[in-house]
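Common to both upcoming complexes is chain A, partnered first by chain B, then by chain C.
The block that comes next holds the complex of A and B.
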C-alpha cells in the first residue's frame, strides 16, 4: 500500500538532497553548460560567419550540442550513491524506488538540461536563428532534454561501476528519435508550418518514457546487484 | 515468540564457488542473530541474499511465521540495511545526512535533534560531514536506525571504527530497539558479547572441504 503523503515527501527529499549536493559541487552543472557553449561557438569559427549558412544549420547545431552536453554528467546520477551505499539503503526502504529514480532524473534535468535551454537562446543569436522560432526551440528542447535525462539515467544504471563514457555510448543511438523530432519541429517552425503534431509526438514519448524508462532503470540497477 | 525469519537449507554459489552451504537459522522477533566469519566467508552475500538483491540461491526463506517461502519485499516487514559503505555524504551536514536518509525523510527537526543527542552528535549537527572522523560518521549511521520504526535491521560489520563508547552505544540502541520488538542481524569477524545467538559461517564452510 503506497501512502501518497509519504511518497511525495520521499520524492521531494531525494530531489532536495540531489539539488543540494549538485549546488555544493558546482562542476556538475557548470561543465555541461560550458561544454554546450564551447561546441556551439566552434561552428561559426569553423564554418565562417556566413549568415545564410549558419542560420540554415543553426537548429541542427543547437540540437546536437544540447544532446551531447546533456549526456556529459549522466554518469553521476547514480555512481556516487551506488559506491557509498546510499542506493542500497534507498532500495531496501519500503518507499517506491521508481519515484526515487524520477526525482534523480528531474534533478539532473534541472541542473544540466535547464541551463542548456537558457544557453541555447543566447547561442541562437550568434547562429542567426530567426527570432520567430525561439518558442519552438525552447519548447522542443524542454521536452527533448528531459527525455535525454531519462534515457541517460537508464544508460548510467546499465553502466554502473564501469567507464563513464559507456553510458553515453549506450544512450546516443536511442536519442535518434528525439533528435529527429526536435529538428523536424525546428525546420517546420522556420518554414512557418504547423509543428504541433511533432510536439505532440515528443510529449507522448515523454509520457511513456517517464514511467517506462524509470521502471527499466530500476531493473537495470538491480542487475548490478546480482 | 514469533519468528521474523526462518531460513532452511540455504545454499549459494557465486561464479562456480560455494559461498553459503546448508545454512539453517531462525530470527525471533525482538531477538538478534550475529553472523560471524572471516573475510570472504559470505557474510555480506547472506545479507544481500536475504534482502532480495541476490536471487541465485537454493533453499527457503520464511518471513513473519509464514508457512510459504517468500521474498522480503513481498512481506510487510520494514527493514533497514547498512552495508560496508554506510552512505554518509561528505558534502552534506550531519543534520542533512540524517534528514535525507531513507529513514529520516518523515522526521521532524525535533526528532532528528533528539536522535542526534542520543548518539552523541548533537554538537556537530550543522557541520559538514567531510570533517568528521570515521567513528563519528558511524554514529550518524546509528542515528538513522532510530529515525523510523523498523522490524528488522541487517547491519554489516557495525563495530569497525568504533571506540569502546561507540560499542556501548550500539549495545544500548540495540537493546532499546529489541524492547520495541525489532530484530537485528549483525555480521562481524569476532564474536561480540552483545548477541548470544551466533552463526559461524567459517565452520559451515570448513565442513564442506
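The block that comes next holds the complex of A and C.
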C-alpha cells in the first residue's frame, strides 16, 4: 500500500517512479555519456594532439563538455509528464509541488550525472589531465552537474515544447558562476592548493538554488496551464 | 498609471514633452562634451567617446534592474503593464549594451592597442548582453503574449539575483587570471570640466530612454489590448 502520509513519502514515490522510468530506456543514461565523449574528442581533433596543449586545457574542456551534456540531457524532463497528465496530478495533490519537482531533478541528476562523471574520468586520460586531481574533478563535477540540472530544468520548463537551443540560451549565462568555480577548483587542485573554499561556495549556491530554482520552475510550468 | 488605458492616455499627452526634454538634454550633453570639454593630457581627443560609452553602460545596467523590478511586480501583483514593460524595455536595454560594447571597443583600439580584452567589466557586460538576448528570444518564442510576459518576468527576477553573483565571480576570475601587462586607464579622477558634461550626458541618455520606453510601451499596449472596447473607441470614433 502506498504511504501517503507525508511529503517525504511523496518525494520518494516520485523519485522511485522517475528512476524506474529512466532505467527502462537505456537511451536516457547512455546518450549523455556518449555526447560528452564526442565533444571531448572534438577538442584534440580541432586543436591538435599536442600533450602539453591538451593537458593545460583539460579541466576547461571537461567542464564545458559536462555543462553542455547536462544541459542537453535535461531537455525532456517535463515533456512526457506534461503530455500524459502526470504533472497535472502533482499540481492537484496537496503536496508542495517544488518538492516533487526537486525529486524529478534529483532523479535526472542521478541518472545522467553519474555517466557524465564516469565519462569525465575517461576524458582525463584522453586529455592528459595532470594526475592526482581526480578527486577534485569528481567532487566539483558532482556539485556542478546538480546545479546545471536545476538550471536546465528551469530552462526546460520555460521553453516547454519549444526548441532546446532556446533553453540553452536562457540557461547558459546563469551557469557561468558554476563554470568559474568548477574550473577554479580544478586549477587549485593542479597547483596543489586548498580548494575547500570554492567547494563551500558551490555548496552555498546549491543551498540557495535547490529551493529557489525549484520554486521558479514550478512558476514556469504553471504558465503552460493557463 | 498602472492600468493600460491610463498609461496610454498619460503617454499620449506627455510624449511631446518627453521628446523635447530628451532632445534638449541629450544634445546639450553631447555637444558640450564632444565639442567643448578640454582634451585629455594622456589620450588626447579620443577620450571623448566616453560621453557615449559611459552613459550607455550605466543605462544598460539600470534597464536590467528596471526589468527585474517590473518582473517582480508582474509576478506578485499580476499587473499587466509591468509585464509589457519588460518586453518593451528589453530591446532598448540590449541596444544600449551593444552601444557600450562597440564604443568601448572603438575606444580601446587607440588607447590599449586591442579591440577586445577579457577583463572583468567587459566580460560581465557581454554576459549582460546575452541575458537581454535570452529575454528577447524567450518572449518572441511564446505565442500567448500574457504567458510570455510571465515567463520573461521569471527570467528577469532570476537574472537580477544571479547578475551580482556573475559579476563577483567574473571579478575574482579576472584577478585569478590577471593578464600580465594590462592596466585599465579609464575613470581616473576627472576634472570638473570633463565631469559635468558627462553628468549631463547621463541624464540626457536617461531622458532619451524614458521617451523611447514610453513610446514603445504605448504601441505595445495598443497592440495587446486591441480587442478591448477602449481601444476601439480610441481609434474608431463613432
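In this section, the second predicted complex is superposed on the first by the 221 of 226 C-alpha atoms of A that agree within 3 Å, B and C clash if a C-alpha of one lies under 4 Å from a C-alpha of the other, contacts with A are read in each partner's own complex, and residues count from 1 in each chain.
As a working rule, a residue touches a chain if its C-beta (ideal position, glycine included) is under 8 Å from a C-beta of that chain, and two chains touch if they have at least 3 such contacts.
This one's a predicted model, so the numbers in the text were calculated from it and none came from an experiment.
Following the overlay on chain A, a side-by-side fit with no clash is recorded for the pair chain B and chain C. In the superposition on chain A, contact is made by A:184 with chain C only, not with chain B. Of the two partner chains, neither chain B nor chain C is touched by A:30.
In the overlay built on the shared chain, the residue A:207 is in contact with neither chain B nor chain C.
Of the two partner chains, chain C is the only one touched by A:216; chain B is not. Of the two partner chains placed by the overlay, only chain B lies in contact with A:86; chain C stays clear of it.
Looking at the shared chain after the overlay, A:21 reaches chain B, while chain C stays out of its contact range. Once the two complexes are overlaid on the shared chain, A:6 sits against chain B while remaining clear of chain C. Look at A:125: by the touch rule set out above, it reaches neither chain B nor chain C.
By the document's definition of touching, of the two partners only chain C reaches A:174; chain B does not.
Aligning the two complexes via chain A yields an angle of 90° at the C-alpha centre of chain A, spanning the centres of chain B and chain C, rounded to a multiple of 10.
Taking all C-alpha atoms of chain B against all those of chain C in the superposed arrangement, the shortest distance found is 6 Å.
Shared interface residues of chain A, touching chain B in one complex and chain C in the other, are 226. Residues 75, 127, 130-131, 133-134, 137-138, 141-142, 144, 146-147, 150-151, 154-155, 157-159, 161-162, 165-166, 169-170, 172-173, 176 of chain C are the ones that touch chain A when the two sit in their complex. Looking at the complex, you find that chain B touches chain A at residues 48, 51, 53-56, 78-89, 91-92, 96, 99-103, 105-106, 144, 154. The touching residues of chain A, when paired with chain B in their complex, are 6, 9-10, 13-14, 16-17, 20-21, 24-25, 81, 83-86, 88-95, 222, 225-226. For chain A in complex with chain C, the residues that touch the partner chain are 154, 158-159, 162-163, 166, 169-170, 172-174, 176-177, 180-181, 184, 187, 205, 212-213, 216, 219-220, 223-224, 226.
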